[in-house]
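Questions regarding the structure given below will be posed in turn.
By written order: A, B, C and D. Residues from 1 in each chain.
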Amino acid sequence: MLAALRNQARDAAPRKCEGVSPQRYVAIRSATVDLCEGLSADDCQAQGMPDASPVKWHLAHTTWFFDTLVLGGEARAPFASLFNSYYRSVGAPWPRAQRGLLTRPSLDEVLAWRERVDRDVLALLEGGGGAATDHIELGLQHEQQHQELLLADLKHLLSQNPLRPACRPTAPRPRAEAAPPRWIARPAGLVEIGHNGDGFCFDNELPRHRVWLEPHALASRPVTNGEFLEFVRDGGYRNPLLWLADGWEAAQAGGWQRPLYWSAACDSAFTLGGDQPLRPDEPACHLSYYEADAYARWVGARLPREAEWEAGAASHGEVWEWTASAYAAYPGYRAPAGPLGEYNGKFMCNQLVLRGGSCVTPPGHVRPSYRNFFPPHARWQFSGVRLAKDLA
Amino acid sequence: MLAALRNQARDAAPRKCEGVSPQRYVAIRSATVDLCEGLSADDCQAQGMPDASPVKWHLAHTTWFFDTLVLGGEARAPFASLFNSYYRSVGAPWPRAQRGLLTRPSLDEVLAWRERVDRDVLALLEGGGGAATDHIELGLQHEQQHQELLLADLKHLLSQNPLRPACRPTAPRPRAEAAPPRWIARPAGLVEIGHNGDGFCFDNELPRHRVWLEPHALASRPVTNGEFLEFVRDGGYRNPLLWLADGWEAAQAGGWQRPLYWSAACDSAFTLGGDQPLRPDEPACHLSYYEADAYARWVGARLPREAEWEAGAASHGEVWEWTASAYAAYPGYRAPAGPLGEYNGKFMCNQLVLRGGSCVTPPGHVRPSYRNFFPPHARWQFSGVRLAKDLA
Amino acid sequence: MLAALRNQARDAAPRKCEGVSPQRYVAIRSATVDLCEGLSADDCQAQGMPDASPVKWHLAHTTWFFDTLVLGGEARAPFASLFNSYYRSVGAPWPRAQRGLLTRPSLDEVLAWRERVDRDVLALLEGGGGAATDHIELGLQHEQQHQELLLADLKHLLSQNPLRPACRPTAPRPRAEAAPPRWIARPAGLVEIGHNGDGFCFDNELPRHRVWLEPHALASRPVTNGEFLEFVRDGGYRNPLLWLADGWEAAQAGGWQRPLYWSAACDSAFTLGGDQPLRPDEPACHLSYYEADAYARWVGARLPREAEWEAGAASHGEVWEWTASAYAAYPGYRAPAGPLGEYNGKFMCNQLVLRGGSCVTPPGHVRPSYRNFFPPHARWQFSGVRLAKDLA
Amino acid sequence: MLAALRNQARDAAPRKCEGVSPQRYVAIRSATVDLCEGLSADDCQAQGMPDASPVKWHLAHTTWFFDTLVLGGEARAPFASLFNSYYRSVGAPWPRAQRGLLTRPSLDEVLAWRERVDRDVLALLEGGGGAATDHIELGLQHEQQHQELLLADLKHLLSQNPLRPACRPTAPRPRAEAAPPRWIARPAGLVEIGHNGDGFCFDNELPRHRVWLEPHALASRPVTNGEFLEFVRDGGYRNPLLWLADGWEAAQAGGWQRPLYWSAACDSAFTLGGDQPLRPDEPACHLSYYEADAYARWVGARLPREAEWEAGAASHGEVWEWTASAYAAYPGYRAPAGPLGEYNGKFMCNQLVLRGGSCVTPPGHVRPSYRNFFPPHARWQFSGVRLAKDLA
């Protein structure tokens, strides 16, 4: 009887890709390895926490993606399947919390594997790419996502070392923004959000659809360190009435008293270049959703919804901006068939959408319809706050 | 500089209440005690799990609500503050997971306290209620919410006892629905949702506002036991590709193989009347969001968004119906000032909205704009599934 | 090949029992119920922590012991098997941490079951007891052990209630001992320990055997509150060099800063009669092995070994006294055949022996060879410290 | 008043050391580095479980021992204090479970530090050693203990890798022993145990003292794989009546069904040389105390007490042999003054003594009075079973 309710056609949402040039392939793949300059094999092995991954794992997993999902057939390494992250349709993934146990293959073996895979993908590309073009494009976008994750995970790992090591002389940091914030108003009305046009997008940005927005205003820029410091000094971390119930629990359990990486004196912060003085005009960063939300409540404002953000975004910030929108399927969303259907859809629960991009997002990777997502307690991403408010 | 962004006015959203009659007050308060008929003091003391509360606690907490938030001033019992659930603006709540440790006050003392409080509230009501009327109304609505929670918590407690006790001869169960399901379509368009009119509503149902809906259809009734059994028999609980990632983890960690309370043979279920044969035409019940979502994916459908549900709901079901909407503030939402601001707003994270009502919801308690909410792993509520789908 | 190593004969160690008089049976069984005077059914239901048991459970479990292990055959209650504590040879025990979930049977039903069982055991005794005499005697000794456990568990439960309830007007407390401590020396030599003579003993007190003792001295009395307070004031709880490694971890994890039940000001302590002033001359009580050991190290002494204690004990103290001896089988020990073989032997690991007896031990229950045992972190028993030292 | 009980003199037990030759120092220190041949920096970084340590940490910690406790004064590396294991009298140790996070210093930096420390210790030795001789000797004995731990920890780490890597072509394994076991009897009597003579010993082997032994017999050799396999096949892992209560819990929680490292078919075992066929005549290895004890009960025998073992040991086995003796201070034991007082004494709780030595114990490291110790659940050491029994 239920058969009548069943949707038979379950096609992947169409995403047109222009061809991928060998030059671009090489540039993006090399950029990942370049991020590891100055790191020892020791640095690349360790897993700083169950939610994060070792640098070596990122190098290997992005290679597994091409090896398994683009080249397919015979794996170019006997250990390939160890680096399946979460694609259950192609085997049983190695447990996330145990990625740091994989001392074999060694870093050198992983790098050699990268070369073998790159050689074969380039051969494919030089033959025009053919049916694989879309998957190669997705592989490159995936690689870029992991470039940012690699840096966030590495920063978190090194921050736990009492030696406070600097892994590179100059570390990417959000640019300071000195101008006072302004409210940018938008009247009620119907807007369209979701990807539009021919370029690449992820399935979770589709389909483009209409959303009704009530009158509201967005702040002209993210909250700065100096502004967030006022919240800290006003006892914001000690007042449960400012927090979501789950947020207050997380803050107590984790002993949160200030943003992650800030020194106890609130005058310096750990960076990929070691401890550096806190710059008041820099966007506040490494905030969880709970902290962002508590800050907004303290100010008497709120966080933006993702449709408000997308409709209003003129430029991208220097930090990912938490929205008040739970990560969920757009109306009409269809997960693609096959393993790639596991890329995004199955994470549409218990996470909040972040918009914008950050100082460690690879150039050209993001767009206004781009949806990043993390659970509300996550603090180790380059995430900050943009305020919004309702208008009467 | 941020002061300019701060919203000064923070008024409670207006909710007009008609007067509360002494008869209605007595009827609702008595109904709670009536639910305990046949229970021993032992039954009322135990806490079945950290997420649930003892029956005695429900009796005491609803009384604390009137004593503290309506009568105020001097508490009518020295132990009153032990039954503050989560209102941090009026003191430090006793930890939820330890509610079962409070053997003092005894059940008798709690019942005597109920009488003292009722006498004083009735005196107030006989004087017209005055400024307290709104709070008394809220207290009664709150009482009704706890009547349903009391039964869900009690059922969960008794279900763990190998004696499989029946706590009442006939237990409320969802009514069977024999008709085959139909799809009820709605074209794209702007709808209004949120409370409308003069009657009582909770702050989270306000303000009424517009939402754009894309074309979709809702099933004419919830999924039945017989239909859900097909999912179980088809290996639905063993196929990770049908589940959200967090749902699969929860199912594995909890050893889920069928709905909560079903026997291993899937032919009976535990009820407040003990083990009873499974009725195929009864709405499937005690499903988590994860199970509801997996079932919908197996069918090739999806769960409804709450605006779709509210726009389309012609009648209420016999089980709470999970929606795909995270519990969040409506555009323009303002939490009330004072302790009642903690009633709803601070839970707007990590929960999903359920709509409708259930066989244990007190008559007259719900309305189409009513928003129930629970975390996605919760199975012990009277919760089921209504299907939805996108239309081209 | 190994068969040659196998011990074929596995007889229970012989323990001669005098006959059990009906009067004594009634007196001991009644004493358990008498301990519950003034308690509500609520008090009897709750389980204060996983290591402790509800009062109702103690009432039921001691009855299960007679019903199953003495009367055997058909159980006198359909729920009997729920109160098997840990005897796997007669079925699967209900999990210890979930004893507080058993609201059915009710307290009244348990008390009625006690009466049915007592009637049948008395009938047996009036017929002379016969082959069951030894098991009845063991059941009475077991009952007395649970009388002490019941009070310790109840005290722990009530201590967690912010109302600080007194469950009886006068509570048993260790007697004050004003005399200064003396060292009582013993030269090197061979001693005999273990039960000697015709009276009842547990299997773990057998066989009597020889132990060589090096020269040492025992203190003439246990350490008092006043003496232990000096340790607290001297920073004993903040100095890791005084503690066993595992003890320091337990103290940090549990936030130990003083003995369990002492007020923060160290001037009162929770008792079964509510909060009472701390008496300096009373033996210090409710100490874990870790605290006892740290205190001894601070003084420059050590804890006694159990053979030293047994050889030297002239009288019993008012608190159980931790010894430095791990609970282990005596040379030649044989666990009895059948379910009673599970009574003691399988706990001979990860526990330390305590000797003496306490202010809540039933009169006549203990003897010099009596071996009590608890894990080293246990604080909720009536346990204290007697010092010892080596002599050159 | 208690001052009279306090032992004033708290001298270290005297342990005479012969001089340490530079050749021996170099040989022992080099042996540690030699164990790492064939390992990558990745292998040396990872921590396989909280109870185990990374190879790099072992290399660093043994060096810290000489740097801090022998050379003292100015540390030869800014990171030295990170490798303090548990000596609280010289600072706050880095948490054990987080040793794998220390990617800085790198393996290369640790090896360079080893060289700096060795150069300075050798300079001291060439000057005769002087007052430092005893500490240098202790440092070398400590180094040898870590050589065995390093291999056990490495084996455990690699065993978790699905690639089942071999880290060396031939791995040390216990020698096979084909002869049938015999019982070697000893009549009752007084024996002396503890270190005797001039050579090095640890403080926990002192003082030599008398122990009375009742008549008993020891098996002539440890239990073999073939013999233990009979226990597995007879359902030994499924019968709770064979196990200590805590052992049964550990076995259920850990899913134990056979010895650690055995394949499911019980025909091969993981070794430092990868998976190898199980040899029936080899001593059974990697058993916890709980498994050893259950096996002995199944056979109708028991485990030896450590005094029985020491009195009877004619030769050392190929596996460490669990004894039934809890690790405790000998009569008259005094922990040395200063940091070295933390070496052994504070672990005298919750552990069992193992005697003998294993196939990975450095030659010449052990002696009949040597006391190894581990908690009863530990399976990753090279530990097996020798049987004992009481004689009438």
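Quick notes on this one:
Rule of thumb we're sticking to: a residue touches a chain if its C-beta (ideal position, glycine included) is under 8 Å from a C-beta of that chain, and two chains touch if they have at least 3 such contacts.
What you are looking at is a predicted structure, and each value in this text was computed from that prediction instead of being measured.
Among the remaining chains, none touches chain A as well as chain D.
Of all chains, the one whose mean C-alpha position sits at the greatest distance from that of chain B is D.
Here the spacing of chain C and chain D, counted between their Cα centres, is 34 Å.
Chain C has its Cα centroid 46 Å from the Cα centroid of chain B. Remark: chain A and chain C have CA centroids separated by 57 Å (rounded to whole angstrom). Judged by the touch criterion defined above, the protein chains form a single closed ring in which each chain touches exactly two others.
Residue ranges on chain A touching chain D, taken from their complex, read 40-48, 56, 78-79, 82, 94, 98, 100-108, 157-158, 160-163, 165.
Every residue of chain D that touches chain C in the complex is listed here, in rising order: 1-2, 5-8, 10, 86, 88-89, 180-181, 183, 188, 190, 209-214, 216, 219, 227, 230, 240-241, 243-247, 289-290, 293, 299-302, 305, 324-326, 328-329, 331-332, 341-342, 346-350, 376, 387, 389-390.
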